[in-house]
Amino acid sequence: MFKLSLNNLNDLFKAAAEGGALYIPADDGAGQARFTRWCDGMEMSKALKTVKSAKEFFFPQTESLVDFKMKGKEIEIIDPRTESEDFVVFGVRACDARSFSILDKVFLADPVDTYYKSRREHGTIVTMACSRPEETCFCTAFGVDPTAPEGDAVCYMTEDELFIEAKTEKGTAFVEKVKAVLTDGDAAPVEAQKAAVKEILPKLPLANLSTDSFGGDKLMELFDSPKWAELSASCLGCGTCTFVCPTCQCYDIRDFETGHGVKRFRCWDSCMFSDFTKMAHGNPRLTQLERFRQRFMHKLVYFPANNDGEFGCVGCGRCLSKCPISMNIVKVMKTLEGESK
Amino acid sequence: MQVNEKEFKPTIVAFCCNWCSYAGADLAGTNRLNYPADVKIIRVPCSCRVNPMFILRAFQRGADGVIMCGCHPGDCHYTTGNYYARRRMTLLFSMLDYLGIERERTRVEWVSAAEGAKFAATMNEFVETVTKLGENKRLEDLRCKEK
Amino acid sequence: MQRIGVFVCWCGSNIAATVDVEAVSEALKSEPGVVFSTNYQYMCSEAGQNMIKDAIKEHNLTGVVICSCSPRMHEATFRKTVQGAGLNPYMVEIANIREQCSWIHKDKQTGTEKAIILGKAAIAKVHLNAPLTAGESPVVKRALVIGGGIAGIQTALDIAEAGFDVDIVETKPTIGGKMTQIDKTFPTLDCAACILTPKMVDCAQNEKIHIYSYSEVTAVKGFVGNFTVSIKKKARYVDTTKCTGCGVCTEKCPVKNVPNEFNLGMNNRRAIYIPFAQAVPKVATIDADYCNMLKNGKCGVCSKVCTAGAIDYKQQDEIIEERYGAIVAATGFNPIKLDNFDEFAYSQSKDVITSLEFERLTNAAGPTSGQLLRPSDGKHPHTIVFVQCVGSRDTSGCGKPYCSKICCMYTAKHAMLTREKYPDTDVYVFYIDVRTPGKNFDEFYRRAVEDYNVHYIKGMVGKVAPRADGTLDVQASDLISNEQLHISADLVVLAAAIEPDKSARPLATMLTASMDTNDFFTEAHAKLRPVESPTAGVFLSGTCQGPKDIPETVSQASAAAAKVIGLLCKDKLTCNPCVAHSDEMLCNGCSSCEKVCPYGAITYSDKEFRMPDRTTAIRRVAAVNEAVCQGCGACTVACPSGAMDLKGFSNKQIMAEVDAICK
Amino acid sequence: MQGKMIARAKELLQNGTVNRVIGWKAGDFAYDITPAVFNSAEELDAGFVYNDFCGANFSKYLVKESRKEGKILVFLKPCDTYSFNQLTKEHRIIRDNIYVVGVPCDGKTDGETLKLKGITGITGIKTEGDSFVVDTLYGEKTIAKADALPERCLSCKSKKHVAYDELLGEDGEVCESNRFDMVEKLEAMSSEERFNFWRGELSRCIRCNACRNVCPACTCERCVFDNDNSGIAQKAAADSFEENMFHIIRAFHVAGRCTDCGECSRVCPQNIPLHLLNRKFIKDINEFYGEFQAGEDTETRAPLNIFDTEDVEPSVVYEKGGN
């Protein structure tokens, strides 16, 4: 375990940004935080969470897949990928850190998504343990420990000091790289902080949220529940929940005609959208009820069914804060609780 | 025109209504009145056919200036079309200005079938204005600019 | 994917001198979809057209791009050409490389580059062209004329003359209109009744003409060639088929104090009346507001004296529906009310009258049997002041901004006739300008000044003040001598501005014909289509379109009739296929398109739909009547969902052109 | 007010005037209130709330709800009634199937606004006079209501109900509002400053479509941006141009129809002040074509569906002051 004074945070960032990109949560000018490429002097946001999760580093909202260039009637096919630079994402919370393992299960399973894989290989994740959880947090329900996040290296922030500990090879390399600004640290303050946060966790309003009623084996009972109707009744069909979600991984592949050719790109899509997975006849899920159900069934039933019981939610609470009509996975879980028993 | 080869040549789209302005442009041709080749005309039945999305589309695809020409107010072939067009374009152009897009990149001009000279003069002036502004950067789509 | 042929025209040297036609046809050959590309000296020549036809057959072309002169010049020609080769005529697009390229650029490289881009835009568009078929709609061979004044009469007579049925709807009990109230007509001074009455009789006797007098149009549905019109026949309590017009009832009726509108209230008539001797139809009408029998059931004199048994107190308003191929608006005018012109003391003194009242005072059938007498005391006036432009050319908001056009001439007529009949009178005319363009008009006015010594004074009357001795103190300024004048007048005649009849505005709404800010009907084109309204099948006759004198009204009436005849001669109308089209699945039913349509071509209805979620829903959706739509495209932009699009100029076609140009 | 509303809703259900009620349903926290349809007195008792967090505008839900069997009771705040009228005017809702009860409003806040004021970890909220007393995981915080209100309520345009079948409580008046202040401030900037301002704002857009999907003026059967056949369909803002395009076209499509209810800015997860686009159109319309408030009634023609022959020329944009 190493440490540095928070006064010297800029030095740490400077060292970390050497020869690559460093992203930290910074204020976005509208009172919220987003991961921003660090430049000298940029301060880290005090916000618990960024609006968008850290998934975009590996699964960006839009990504060029292939270019077709046309000259008259000739077509040339071009792979737009260039050699990626190494990058570090700093300050990822435990919930987002867990989301990467969920995304890995999708994108790194056979057939491997080479675009995603390449980004994963080039990225180092430095996580940050939580010290001030909020009312919308329920990561513990999905087995995430906010005081001990996963990641290549883990940071803990106390009043005036930052502690850092490498967890993987990449993490060790990161710590090596910034070692010049660090001093040896003692685990005691970290443990004290962990204990303090653990005191708070049971007091969170959603601390008792249970996943017992959900899982891969609960398919038909949940699917057929009459309660989906009232749950989905006021859903606007927007993609806010999907786009702020660290685990949603659906995308659409589209062609954009540039006038000189075609750029084929993929972009985030949302199962809440009426034009999602459109086929010749339209969206196979005809009503908002079906689309709404899909999103939650995927996270709570289908995903665990295909991934050894792992749920497709990490309890970050972004959808709770951001849903325009305040409908969210917690309300769904509470309403459906017991439906499968 | 003393245009040097390397000088910036803008792309200008002119939407012209079939009955007045397009005929005015034809008259400019008949009278051999010069205006820069940067101007390309798209024929529409009436100025009220011009949808704001056509104008944005032009900027997206690389236009540096867009001008809409119609019959003079009161002379519309369809009686009222240009009145609606006038409101739409006033509001749209005001909005583009508000978003920080240079206001000189957009223009509306009423050109009658008899005003070949006005058509040519307008185009000369507009091309000059847009040339001074340079390339459209604020409302561009980089994907369309990659050659 | 279309198979497109490109044909580049040299137009002799007109194009070829500044555009390398060979390079253009070569460059366009490699555009996607182009399977054939060539150039030729004159594409519009027979040889050129044959070249196109042959290529269509040989290469199975589905679309054709011609790089040539303006489409305004030869689009129709080339449409016919491709049609001759079995292609839909709307699969042709023209790239204008002459007027908009070769003629305005001197440098060959510049011209060639631009011509290629214009060609690419046309190719991009033709890729998205779809075959269009012009629809046809049948024509009902009957015309409706709304308004039975001289304009309506002349239009009806001309249409009937051509052999078509025509109906006249007139709100008054008789046709004839304002002209019946006029005494003599300028500049020839022939008697209005003498020239009008025969035409009224012709109308009544012509078997092709049907007159709905004392009737109003209450609803208009349909479109050019096929209007359905509801006409309300107001109850006149007299069976017109029985009434002989003998007039006994109008003499025996005990209610004698009804202001006679024919004489502008300057004398009275009975509660049952025939407006004037030459009325057509010459039948009596009971004025329900005054008739004792209708008001309280006590009287019945007319019924007793009517030997024909024509009186029917139980008669009701009746609404009939009739179908027409064409409608002519001939709703005419009225002098404006003078409420806003207190300074002329019109409401305070009986001796301040309007010009139309003056007409009645000098008319042999008028309240004074043609004697010019002061309304207040019945004495002969010795000093008469005419005031022109009362409410005309008035930008203050009290009157009308336009020139009423006829006042200068009729005032000259009144002044001249007064001086001729009563040489002992002094006649003054106050004017802003005297406007006498027209055949023999200025000569007429000069006669009034020079031969009849009418005192024309350039200036405005500021005030007319009634004096205790019964004379009127006319205070005015003479702008030429720059003097303030006081004239002691016995009679003041106001040339009140004219305005469209009040019935025109609601009628315009029913017809979806547009009006200007003064409530005059607007014409389809101010110069080139002056007797057509922008709404197809609706025509304009007389002063409902703008102030006019009688000769002008009659010429316009005949012109409108000619247009109607031209329409009714056709069995079917071919519609412009480049019209708006609504995608019902996208339509929100919001009515935006309907509001901006200048032709009333869009209607809404509730229809049952199978929705994407497999439910059935009733939705309000727009439909375009292709026979009425003229293809302006206003609706396409008003529609936020993109449900409205224009055939031949679709959103995607125009955007494809934009894309090609901006590449 | 909440009690009165529940009582009245029960009466109207009981006497058969309506067969269901659209209202606000309590959530897990004080602020996460969800629009919901209540079918019975029991359901009302169980979850119906009306408090300072009931910001959602229900008028758009009526597009679907008014097409269902029976009559629905809807509670509308003053600004919601403008949207309601606008939808009635555009035939998007079936007025006869709706029973409108107007309810007063002193401004509505939401959890996100409180968080922006630095209050996090909210576990409960009490109203005490003009203040909120917020219980948080990290202690009690007090904030004046006026400070906790979002911009749309601070510049409230009207407390008057322009459509209702009955009113609960007193009706208010159209307010003197300073809602165009920010638009004016932007107008006074240089073109480049404005460009930078908007680029900064719109670059945060994630194209979640929340603004569009919540907007009572955006009720298209299918939006042009979702319609692959429209030629301008987009899914994600793949280029900064598409961010601009989406918001310009959306604002243009609602120009003259937007009632300035402010829902777009309320729901934007990225806090983009989208209402400033709509307000620009409103302000321009007022200045160019005379004062116009969309939704004030159900008859007046929308400013873009009408014209005056003496309208200003588009060159007014170049002639006006500022840069």
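Letters A, B, C and D name the chains as they come in the text, with residue numbers starting at 1 for each one.
By our rule, contacts are C-beta pairs under 8 Å (C-beta built on N, C-alpha and C of every residue); 3 or more make two chains touch, one makes a residue touch a chain.
Every value quoted in this text rests on a predicted model; they were computed, and no experiment measured them.
Shared contact partners of chain A and chain C, listed by label: B, D. Ranked by distance of CA centroids from chain D, the top chain is C.
Chain centres here are Cα means. That of chain A falls 30 Å from that of chain D.
The distance from the centre of chain B to the centre of chain D, with each centre set as the mean of the Cα atoms, comes to 36 Å.
Averaged C-alpha coordinates give centres for chain A and chain B that are 46 Å from one another.
Residue positions of chain A touching 2 or more other chains, listed in rising order: 256, 259-260. Within chain C, the positions touching two or more other chains are listed as 596, 638, 651, 655, 659, 662-663. The residues of chain D that reach two or more other chains are 222, 224, 231-232, 238, 304-305, 309, listed in rising order.
Shown here, the protein chains touch in all possible pairs.
On the side of chain C, the complex with chain A involves touching residues 30-32, 612-614, 659-660, 662-663.
Listed in rising order, the residues of chain A touching chain D in the complex are 28-32, 34, 48, 51-52, 61-62, 132-136, 200, 203-206, 230, 233-234, 236-240, 242-244, 252, 254, 256, 265, 267-270, 273-275, 278, 320-322, 324-328, 330-331, 334.
Residue ranges on chain D touching chain B, taken from their complex, read 183, 186-187, 191-199, 224, 231-232, 238-242, 244-245, 248-249, 251-252, 255, 277, 280-281, 284-285, 288-289, 303-305, 307-309, 311-318. Against chain A, the residues of chain D that register as touching in their complex are 27-29, 31-37, 56, 61, 111-112, 115-116, 120-123, 136-138, 200-201, 204, 206-210, 212-214, 222, 226, 228, 235-238, 263, 266-267, 269-272.
Those residues of chain D that touch chain C in the shared complex are 67, 90-92, 219-224, 227, 230-232, 253-254, 301-302, 304-306, 309.
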